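The chains carry the letters A, B, C, D and E, assigned in the order they are written, with residues numbered from 1 in each.
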Amino acid sequence: MLNYTLRRLLFAIPTLIVISFIIFAILALAPSDPTGNLPLTIPAEVREKIRIALGLGEPLPIRYLKWLQQFFINEPLHAIEQMFGFSFGGGEARTRVVSFATRGPVMDTIMERMPQTLWVVGLSYVVGILIAVPIGVISAYKQYSWFDQVGTFVSMVGFSVPTFFTGPLLIVIFSVQLGWFPSVYDTTLEVNSLGTFWQQIKQMIMPVTVLAFYNAAQISRFMRASMLDNLSQDYVRTARAKGMSEKVVILTHVLRNSLIPVVTVIALGIPTIFSGAIITEQIFRVNGLGQLLIIGIQGADIPMVQTLTFMFAVLIVLFNLIADIVYGLLDPRIRYD
Amino acid sequence: MTDQAVSTADTTKLGAQRTLWGDVWRQFVQHKGGVAGTIVFMTIVLVVVFGPFIHTVDPQFLDIRNKNLGPTFAHPMGTDNLGRDMFAQILAGGRITLAVGILAMGLSLVLGTLVGVVAGFFKKLDGILMRTTDLFLALPLLPLLLVIIMLFRDPLRQAFGPEMGIFMLIVFVIGITSWMNTARIVRGEVLALKEREFVLAARSIGTKSWTTIWRHIFPNVLSPVMVSATLGIANAIITESALSFLGLGFPSDFPTWGRLLFDGTSFMTVTPIRVVWPGVMISLVVLSINYIGDGVRDALDPRIRGR
Amino acid sequence: MDVTDLRTVFHTQDGVVHAVNGISFHLEEGELLSVVGESGSGKSVTMMSLLKLLPIPPAEIASGTVMFDGKDLLQMELEELREIRGGKIGFIFQDPMTSLNPVFNVGFQIMEPLKEHLGLSKKEARKRAIELLELVGIPGAADRLDDFPHQFSGGMRQRVMIAIALACDPQILIADEPTTALDVTIQAQILELIKDLRKKLGMAIVWITHDLGVAAGISDRIVVMYGGFVVEHAKVDDLYKRPLHPYTRALLATLPSEDGGEERLKSIRGTPPNLGAAPTSCPFAPRCEHAFDRCHKENPALERIEGVHDVACWWDVEKEAPRHAS
Amino acid sequence: MRKLKTLVLATAAASCFAATAAQAERGSAGQLNIVYWQAASILNPFLSGGTKDIDASSLILEPLANYRPDGSMDPTLAEEIPTVENGGVAADLRSITWKLKKGVTWSDGSAFTANDVVFSANYCMHPEGGCNAASNFADVESVEALDDHTVRVNFSVAKPFPYGPFVGATSPVIQEAQFKDCMGAKAPECSEANFGPIGTGPFKVNEFRANDVITYTANENYRDPNQPAFATAVFKGGGDAASAARSVLETGEFDYAWNLQVEPEILSQMEAAGKGKVVSAFGTSVERLMVQLTNPDPALGDLRGTVEGGPHPFLSDINVRKALSLAIDRQILVDAGYGPAGQVTCNVLPAPAIYASTANDACKTQDIDAANKLLDDAGWAKGGDGIRAKDGVRLSILYQTSTNSVRQGTQALIKQMWSQIGVETELRNIDAAVFFGGDQSSPDTFQKFFADIEMYTNNFDGTDPEAYMGNWVCSEIPSPANQWIGNNMPRFCSEEYDALSKEMAQTASLEDRAAMAKKMNDMLMQEYVMIPLIHRGRVSAHSNKLGNVELNPWDSELAYAEEWTR
Amino acid sequence: MPANAETLVRAENLKVHFPIYSGIFRRQVGSVKAVDGLNFEIKRGETLGLVGESGCGKSTAGRAMLRLYELTDGRIDFEGVDIAGLNKGDLRDIRPRMQMIFQDPQACLNPRMTVGDIIAEPLIEHTKMSSKEQREKVKSLLESVGMNPDFVNRYPHEFSGGQRQRIGIARALALEPDFIVCDEPIAALDVSIQAQVVNLLQDIQERMGLTYLFISHDLSMVRHIADRVAVMYLGRIVELAPKEQLYKDPKHPYTKALLSAVPVPDPEVEKTREHIVLQGDVPSPANPPKGCRFSTRCPVAKDKCFVDDPEWRKIGDGGFVACHYAE
């Protein structure tokens, strides 16, 4: 297992380098320009100067190498310095990855965004799972029952209705008509009392619902399929022959086996939490990582987009590995070596 | 092998000609959801294909003085904020949306199956192809889409005209970014099939690799591919609507259901009916296709087929 | 245990499959009854029907009674039946690979019925589990309790299955082709073990097999099934010395002779019956060399010939004549 | 139009009412909630050209003078507006001397001096700084502090309009003490300063979250002890215009929403909820069609879209251009896409009033017949497919603009109008970051203009049109030689126009300047090299509870937030 | 069996090892020695039975004989030609002469092809028959394996196990081979069907003069069909002898144990018979025991057995054994 993990990690390095280059090249080739969103009143010469000040004057390979150094050496060093409070030599000369739009270090902005993204998108993922697993279990156990039919129907609708529709719909109903929940998410809210806690709950309900609905739709399908696979296995018969109650048979024997593939699917989906939910974040102004990415793309904030997308790529590679390892841990039959 | 009482039922009617697909079809017909899905889907396809011959209003015609109408006799689904007839737009949008869905799915299946089969069958190519697949999975798609569309829009427009060009581009973009799962599934299936004795039998005869793939591997991976196919259409339709949301989709005078839904969302409170139609159409298609997929999967599953 | 007129059908796309068609047999305390038959003869379905272990639907137990300890298992509430399953009646299945839950260690799986039926504490259950593993001859029992099924070899896995089935000291052990998936030398080990356990524990055993050789070695009585019917029933010596049903005879004849002679094997023509239609004739008639008119019209009932020897056939193989003039 | 009037009246009434409330104590009105659907990414206007960033920082940083909502200049940190009359502007027009208010302090308590002003100029003029306001400092030779409260700006040429530096929110004064280590290439490294500048304005930064939200608290050192009325302010960003409008007009969560580019029927419906009102004001923005006078045929390769590539196959015919303009019903475009935010216009220079020409107003009414006749007479005959052609050249137009739903609506309407005069149109929309970006490698920029018609809005800062009208001189034609930099998109070139432009740069008299500007505007209009469509206003919404608010189209909308009350 | 017939196939030091990779760099750390040095020959027209328990490498050996696996070492002479060294093209030319019948009648037929197409596949690959000729040939093949030739358009799932196995045999016969490897052809069949298939195989052998390598774990069936029998244990042949000799007088202790483990369908014999019950399980072929491979389970093992690998030596009349103490 350890060997396997190390090997995979080792293999991840060239993969990530290739990915980083592709990302970099794609974004550099992309015909969008950070000065494109400036007002037209700014003359072209000034734009050119701005572009050079942003470092766009240098050739692509140099920019790539610079970015590599910033991302892989300067940023981690900076993070360590921040964490432990001591400084490596030459800390002053180290440049970090700096955004075109904010002119501030990209990483700081990303870190600032992390909490709300994790809260809202992460919670919706958790809620989605919590809804999906029982639905999937019951749907499979009572295959073709009315519960199964309704569950299938609802999850299909959840899958097919885009969040750019459900979000505004909820806002119109619950913010405008009923006035129950705020339509704008307050990212500065600090939860320090029961009142603010309640406020936090209220502002999270709608975005979490929208996303959880979508997530639950997909995971419940997986859960159902996996349960169906296992319900027809021989060991289920053995468990029944041992005189185990249906509850134990389903919730211990079958569920444990069925969860193995589902847990890996869930693990594979975790990077999407970090990539945020672009549309939902826009609609509710949660302003998490997804919103940061889309703003970056729209504003041609190349360092921001590069860093974010590369981080997602790292997460995807990492969680692919984690999913495999989790599979190995959950399923004693699998031993990687 | 003791409780095979069930499968011996297969030998029942040796007199009648029965094919595997015949069995699948018979099973599929038993699946209520699948049949209902097929009926709904076919109805939508027929309406979308033949509707414009009956409802002959030009979907692009702007009748600004009749904007934001509710359903009327002349405009069964009302009009939008520029006075375009919604029904005509739904019909026109449906043609494009369905065509995109089906073709993009086709492309992603062809790619996915090809990569999956080759990776599964040729051990030497497995590593590189699977790493490529991982790479595609790990690549951030949004910027990639942006770049592909920027880079290839003009040449394609030159070659095939503005509508066909962007259509091909979008089909291509959705196809190229959605084949990875199919490839993984197919590869897994091929790895298992490769160990099956009939493939060994083919080798013992001396059948060449590509012939073996075509004759023995390919027909047997069709069932997972069919299931991915049904899901693929739904996925492509939803991806197209997301592209419209991001402003990367078709030109604005080229309606698709995704775009109609997105445009209608802002008018949700003014003319609610405007969001209902495209929303219902997308949901209906995705639902019906998923039910068809369920039906196909159940029909292809030998365990269930036995029952 | 007394089984009368058990019928089980499956509802499939192709119509109703009559898997078990009115089977009756009884099992005495401490004896070993073998049920012999080919695939599709209904022997496994019969045993599963006894404790309602078949998935319902598609299966349906159409009729019959299974009297055990004075109660009809088929009429019992599920809760009560659960007490019997694993508690009074233990089950061993054919494929030890798939019959054990792959994600739980064997200790858990042995201890489960102990806790459920005997109400043992975790500690007691563990102690008992070790005893059980030792009983079925697994070396290093205490250490292997935490191992997972895949870490055992096929034979060892089947021993674990036996340990689970024996966990609560059942009165009856139903073994569904327990050695079919095993190699001969391992099969020999398991057979030795069973013989040994019978001596020690004295429970009654129903042994399902298709191997006449295995049945010969361990049985007290044998039931031969074909097409969902019992076609012959006899004490073990009687059956092999004096098979009365043409099917039993043919089955014995197909086995290669011990001296490996050059002569051709005797084979039974045709294929096993399909069970799609409710049987109206003798199921073996199409393959039977003695079949005559009546066989195609009427299905013979099981009838006692002498002592403990029943057969269901219109033809008297010993006299080479129809059994009853009709 | 009637609606607009009522709006204006309502605004006026509100400000009357607010005048009394303005006497309230500092901080008595609680929190001011502002929503911008584009989030602010930085609070240093020199490093960002984004309106959102400039507006957000205008609550903190102040220039020497601001523009009032009526377009007049108003001293902010200066004692008065320097003019030739009061001696502040030198007679040779080559320098301007600002007298600073005394007793002004930065929010950290330190004194505001002329050195800060000088420093701000040096900061922006640093060649490696990439300052966005560099054009404000065009032709500035030096800025010097004559004493602690006097600053002189010296120009290298005569500047008839010397109010570039330090006027308007785009070129405020920053604190030397805070920014002195952030000059030039180091500018981006000073995140702390860029995210939390110390200013003289009514608020100071409490917390800055890039691209998300800014919280402010009232500046306790602000020069007017009663201002601002609000103790705190929140500047929330993100989302889209419609939902921003909703949060002010329907849910009342916010007090002020900016730039509501939303279809008019949606806005009026939201307004009906009664929580707030929609206000609009008109600056100099004109949505217009640019006509490509050179040939954009891809077959030309490198010569595509350049003067060298030859004239456009059909748009070089003025009759075609005129017919295109005649065929457009501008009022429909306004009604469909702009509502209160738009007015029909026939000028590329529609405001301020003294510069607005009335010579071209005929275009306000659509005249399909005249357009058809014009084309018929010019020999463009309709073919079998209903499309006009002459000598094998079909009137088939590729019409591009940036991606934006209102623009796409306008495109569709115009396409249909043109089809009535036998012109075929293909629509294309391009992401704004690409369209307005200067990426040399992209064929889709508005400067390369590889299309027949393109549409966008342009305007100018402040109230002086000199530089703006200078956009259409010959030397401004984009071409590969100047890396496609240049603002003369139609590739219009006229000696007469160039001469007028030069003359204007030498003229100080406002009346003369106005006459010249009108003449230049009329030349462009009568040549139909640009087809103006809509005079676009700013549309914002504010809560009914907010008082003393007036929408300011000439400067930051928040430039006078210190006067707002509840 | 012709008395002194020529040798058709000869395996010499046949080895098939499957590498095991491990560690971070996937270095080969060992190998599963599935087949580890087999020596035997099969005479034309003879049936050699190859018996052993699951995992002993008998199927691997059978497949290696047709070079469906690449050999690690050794050679296979087919009519004097070493097929282990042939290139792809030559191998393809020789394929029609050697065919295989598989264990699982379910898995060895492509479920998506009709019976006619399955049987015709070798004809398409190796002959230039017209499709009509192919049809005829397929029909005659079906007849020759005792099936109704009208079944050509059916799919495999419509047939019972025995019928499927006949189809598999028909496919193997299509190119009229000389040598057929029968890989447990009856293991998955019901008792009553097994006899049918075995009879068929024998009939065909007589008719076409075929040579069989008959792989099975069923000792009594092998006794019936084979002329000589080889017993495999853990990748090696431990004993090879004419069947009468092997069954009557087994030399190797493993053979003895194996024979005694087979239950006899006669209760009286069973009651009196003494069983040699082997203890424990077969060791892993990745890590076979030192010395004699059977030493860990051998009831009569002595010290030497744990150290020295026994020699493959001739014993009795035409028999071979690998045991230090066999006499």
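Criterion: contacts are C-beta pairs under 8 Å (C-beta built on N, C-alpha and C of every residue); 3 or more make two chains touch, one makes a residue touch a chain.
Being a predicted model, the structure only gives us computed values, none of them experimental.
Visitor: Going only through chains that touch each other, what is the minimum step count from chain D to chain E?
Guide: Minimum step count, chain D to chain E: 2.
Visitor: By number of C-beta pairs in contact, which two chains lead?
Guide: Top-ranked chain pair by contacting C-beta pairs: A-D.
Visitor: Can you check how far apart chain B and chain D are, centre to centre, with Cα atoms defining each centre and the answer in Å?
Guide: Averaging C-alpha atoms per chain gives centres 46 Å apart.
Visitor: Report the inter-chain centroid distance for chain A and chain B in whole angstrom, where each centroid is the mean of the CA atoms.
Guide: About 25 Å, centre to centre.
Visitor: Let me have the rounded angstrom distance from the C-alpha centre of chain C over to the C-alpha centre of chain D, please.
Guide: 90
Visitor: Measure off the straight-line distance from the CA centroid of chain C to the CA centroid of chain E, and report it in whole Å.
Guide: The computed centroid separation for chain C versus chain E comes out at 32 Å.
Visitor: Mark out which residues of chain B touch at least two other chains, giving numbers and ranges.
Guide: 1, 8, 11, 146, 150, 266, 269 - these are the residues of chain B that touch more than one other chain.
Visitor: Could you tell me which residues belong to chain E and also touch two or more other chains?
Guide: In chain E, residues 160 touch at least two other chains, as defined above.
Visitor: Among all residues of chain A, which ones touch two or more of the remaining chains?
Guide: Counting only residues that touch two or more other chains, chain A contributes 29, 31-32, 168, 176, 232, 297.
Visitor: If you look only at chain A, which of its residues touch chain E in the complex?
Guide: Where chain A meets chain E, its residues are 3, 6-7, 10, 337.
Visitor: Which residues of chain D touch chain B in their complex?
Guide: Those in contact with chain B are residues 242, 262-263, 265-266, 269-270, 298, 332, 335-336, 403, 405, 408-409, 411-413, 415-416, 426-429, 431, 434, 442-444.
Visitor: Applying the document's contact rule, which stretches of chain A touch chain C when the two form their complex?
Guide: Contact set of chain A toward chain C: 232-235, 237-246, 248, 253, 256-257, 260, 330-333.
Visitor: What part of chain D is in contact with chain A in the complex they form?
Guide: Going through chain D, the ones touching chain A are 35, 39, 41-42, 44, 47-51, 127-132, 134-135, 138, 185, 187-189, 191, 194-195, 207, 209-213, 215, 234, 236-240, 243, 246-247, 250-251, 253-254, 273, 431-439, 441-445, 447, 456-461, 483, 485-487.
Visitor: For the complex, which residues does chain B have touching chain A?
Guide: Touch list, chain B to chain A: 33, 131, 134-135, 137-140, 142-144, 146-147, 150-151, 234, 238, 241-242, 245-246, 258, 261-262, 265-266, 268-269, 275, 279, 282-283, 285-287, 290-291, 294, 303.
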